[in-house]
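Two complexes follow with chain A in common, the first pairing it with chain B and the second with chain C.
Up next, the complex of A and B:
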């Protein structure tokens, strides 16, 4: 993979905040168009890693390289965590997408057909035409997420970072957003790095997983990484990777015993248990 | 109403309304009503200090505004913006009490600083305000898009610009410049009305950002014109009508929003 220009290379990245290690020698690479889940529980360092890639947080050691060697700006699209859009703001969904295109530019926005076309195209790509002229703060969570994805993608970045985009979404919106991101990452050739505390909605879509625990990471294909031996070594204590009803659950040893007991009591509803 | 001595008043008030209405759009978009109150009011002791030292009032306002921007922008990194603004207001008003007691400024000129002095302005004052206003509107036009993006989300703006925090600083500096322009004319207390009333009304009537900005400017100018006309007809103070019309704008906006929500729900 090192022969092809990677969309993102993270090499032994370390971050300490207030003397506490947040990231410990995190290393992984993303190829263009790859769809990668950044999985870990709250406090595992996901947001810090994304912010470090954006250049908001400085590394204490290690390196982060983007496709052309620069940080942020044109090559990175970003959808932040739990963004609360003010319903009072006079901004339509299409204005938010237009701001993704040229919101950083100085001077007043002049009307331009090309710009309007680019925005229209992007609204279509995320399936937001129906509510393009509605006030963005009044849209549903799933609709807002689509608009923010369009905002982040409209400049055709090589890398798209999303911080917990599936939090606060219902099951159906979650599946729709994952499918949308998967399709767009292929179409636009953008590598997607998406953080989530639950890997299950992403399992069918992920090319690659970066699993974070206490600031350390393992990266690879999901079937290589989400295994009892690998994750136990990462956590530093024994965890079990349990598959219940087609879902993957990572549990500490005691909890996994309880799950086994529950399954033993109700074997009818249990498809596959290791 | 349009006698020669009134022409300067109309001109000056119009310029001030243009600038206040424009910056007001961003004040409301950024939910920065409190800093927009604290900076002008916190700058008014600067004018008292200027008269104590015998220098131009605008200079005193400018110095206190700059101090206010510095205190608020530095403090709000650790604290919330409201806390930073409140602290600045407390500090500057404390200084103001002292300065007023030392300088022995007449109650009449304090009244003018708080509630404005539209009538009896000189040609020179109109020119200096016009020059400052062109500058202020120019800078605002330059940063309009980044400021709007930053109002939507600071994180998104930081990702697009590759750095954080710079825009809040620019916004506060613009607020300070508006203060210097507007306080001598509409007063430290009433400039706030002119920034918040028209802007919050305008955004209730449109979903388009630049239309809301234009609407805010239009309502602001209309409020000031209405206030001068009513004051001329009734012989009551201009400030009364600036305040009343600003509040009327705000209430109409709230009614419109409530109507829109009721319709949607």
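Up next, the complex of A and C:
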């Protein structure tokens, strides 16, 4: 990573909220165009880490650097967690994307062909043309997610942060959104950092994983990180990385014993456990 | 009935009517624009509270013989800034705080209106402050009202895009480096301006109707933000001028005693809201039928 400037560098980042450590010396780097999953259970510090990268939360120590050497601002696109778009807002999907382009500017937008083209192009890139003129609050969860991705990407940021974008999506929408994000990160050369509590939908797409537990992180390629020894050390107690039906599950030792027992009782339905 | 009004020469040359039409138009336009922003930010209750509390300023102005518009405005602006401050501090019980402030403000109004009545300088101050009296607005208020309206419209235009973005999601606005607090504070000031104009026309208690009604109706129907502003302005202006015309006409229904303008304005806004709800529901049903291939009903 020495020749190309990293899209994101997090160095020994520490955050305390109300005297409680939320992030403990988190360090990792993302190269331009890399697709990275930020994996951890609820309360592991995923949202705080993303908000720290955006500059919404101040670090108590450590450093976060973006490609241009700044923190936050123009070079970061963001899709927040569990965002419920108000059906009462008279905004079409198209308007939401346009607000991503220049929503922070003062005054009403003047009609501009270039602006309209940029918006149209982005709607096409996320496959949102079919519902571009519908009220955004009335769209389905998967459709809203596409619109929000377009909103975040339309300024061509070097880094795209998404907080639990796969929560509340059905299986098919989940696969579609992951494939879409993976493709866009390549096309636009934007590094993607995407938080999720379940790593499975991301495993085929991830270049890199940052695994968070109790505020501490390990980072690397998925096959290096998602291993019994590595994660046990991160958690500070023994966990098993178990594969069931091609899915990876991280379980505390007692629970993994129960799974093995279940396999022993019913080998037909749980055949693929190693 | 409405048709007879423009043909009645007295309507157009009448000075109080002209003042009412001018101040009413300013109030309706500003309320339409600021009202849309207020409803989109889900602050209808805060807007209502602000209007009610402004009555204390209005009644104080009558007591002291000052311009009532400035009285409404001073009180509304002071309380708007306090409520915005509470919002910044992320006071949890925002609605409770708003309710308590509303109660205290009206209590102060009760005291000031009692003084107004007992000291006898102005007759009917209570009715005017609380429910408006458009045909008694002094002509000297017109330039002040137009200046207030102009300031509110310019400020609203400046924060047009940032406010839409913040209404969509404050975090999306922050991620673009927007100072959301500056935007919401500016909006709070425009809200105070709008509310004071509305209090001047339909009275402090009924100001909510002018602020929220046309905006709520327009937001149900509009397909895009600018359309909502235009629609709200048309509804507000139509209701205000229609109300003035009907009130003028009412002098002939009950000879010698016209009905209050505020009554007509509020009723017209209410009818517009019902119609827009009906139209929005119909449109939703039609879209649903098209989507699921049902036989059109």
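Definition applied: the second predicted complex is superposed on the first by the 267 of 274 C-alpha atoms of A that agree within 3 Å, B and C clash if a C-alpha of one lies under 4 Å from a C-alpha of the other, contacts with A are read in each partner's own complex, and residues count from 1 in each chain.
As a working rule, a residue touches a chain if its C-beta (ideal position, glycine included) is under 8 Å from a C-beta of that chain, and two chains touch if they have at least 3 such contacts.
Quantities reported herein were computed from a predicted structural model and do not represent experimental measurements.
A.B. asks: Once chain A from each complex is brought into register, does chain C clash with chain B or fit beside it?
C.D. replies: Pair status: clash.
A.B. asks: Tell me the contact category for A:130 with respect to chain B and chain C: first, second, both or neither.
C.D. replies: A:130 sits against neither chain B nor chain C.
A.B. asks: Name the contact category of A:179: first (chain B only), second (chain C only), both, or neither.
C.D. replies: Once the two structures are laid over each other on A, A:179 reaches no partner at all.
A.B. asks: Identify the partner contact of A:252: answer first if only chain B is touched, second if only chain C is, both if each is, neither if none is.
C.D. replies: Neither partner.
A.B. asks: Taking the superposition on A as described, I'd like to know which of chain B and chain C A:264 touches: first, second, both or neither.
C.D. replies: neither
A.B. asks: Scan A:90 for contacts with chain B and chain C and give back first, second, both or neither.
C.D. replies: both
A.B. asks: Which chain A residues are contacted by chain C in one complex and by chain B in the other?
C.D. replies: Of chain A, residues 54, 56, 72-73, 76-78, 80, 83, 85-86, 88-92, 95-96, 99-100, 102-109, 133, 135, 151 contact chain B in one complex and chain C in the other.
A.B. asks: Enumerate the contact residues on chain A facing chain B in the complex.
C.D. replies: So the residues of chain A touching chain B come out as 54-56, 71-73, 76-78, 80, 83, 85-86, 88-92, 95-96, 99-100, 102-109, 133-135, 138, 151.
A.B. asks: Chain A touches which residues of chain C in the complex?
C.D. replies: Going through chain C, the ones touching chain A are 39-40, 42, 157-162, 164-165, 167-169, 171-178, 219, 222-228.
A.B. asks: Under the touch definition given earlier, write down the residues of chain B that touch chain A in their complex.
C.D. replies: 28-29, 31, 141-146, 148-149, 151-153, 155-162, 164, 200, 202-203, 206-212, 257, 264
A.B. asks: Quick one: which bits of chain A touch chain C in the complex? Just the residue numbers, please.
C.D. replies: Residues in contact with chain C: 54, 56, 72-74, 76-78, 80, 83, 85-86, 88-92, 95-96, 99-100, 102-109, 133, 135, 151-152.
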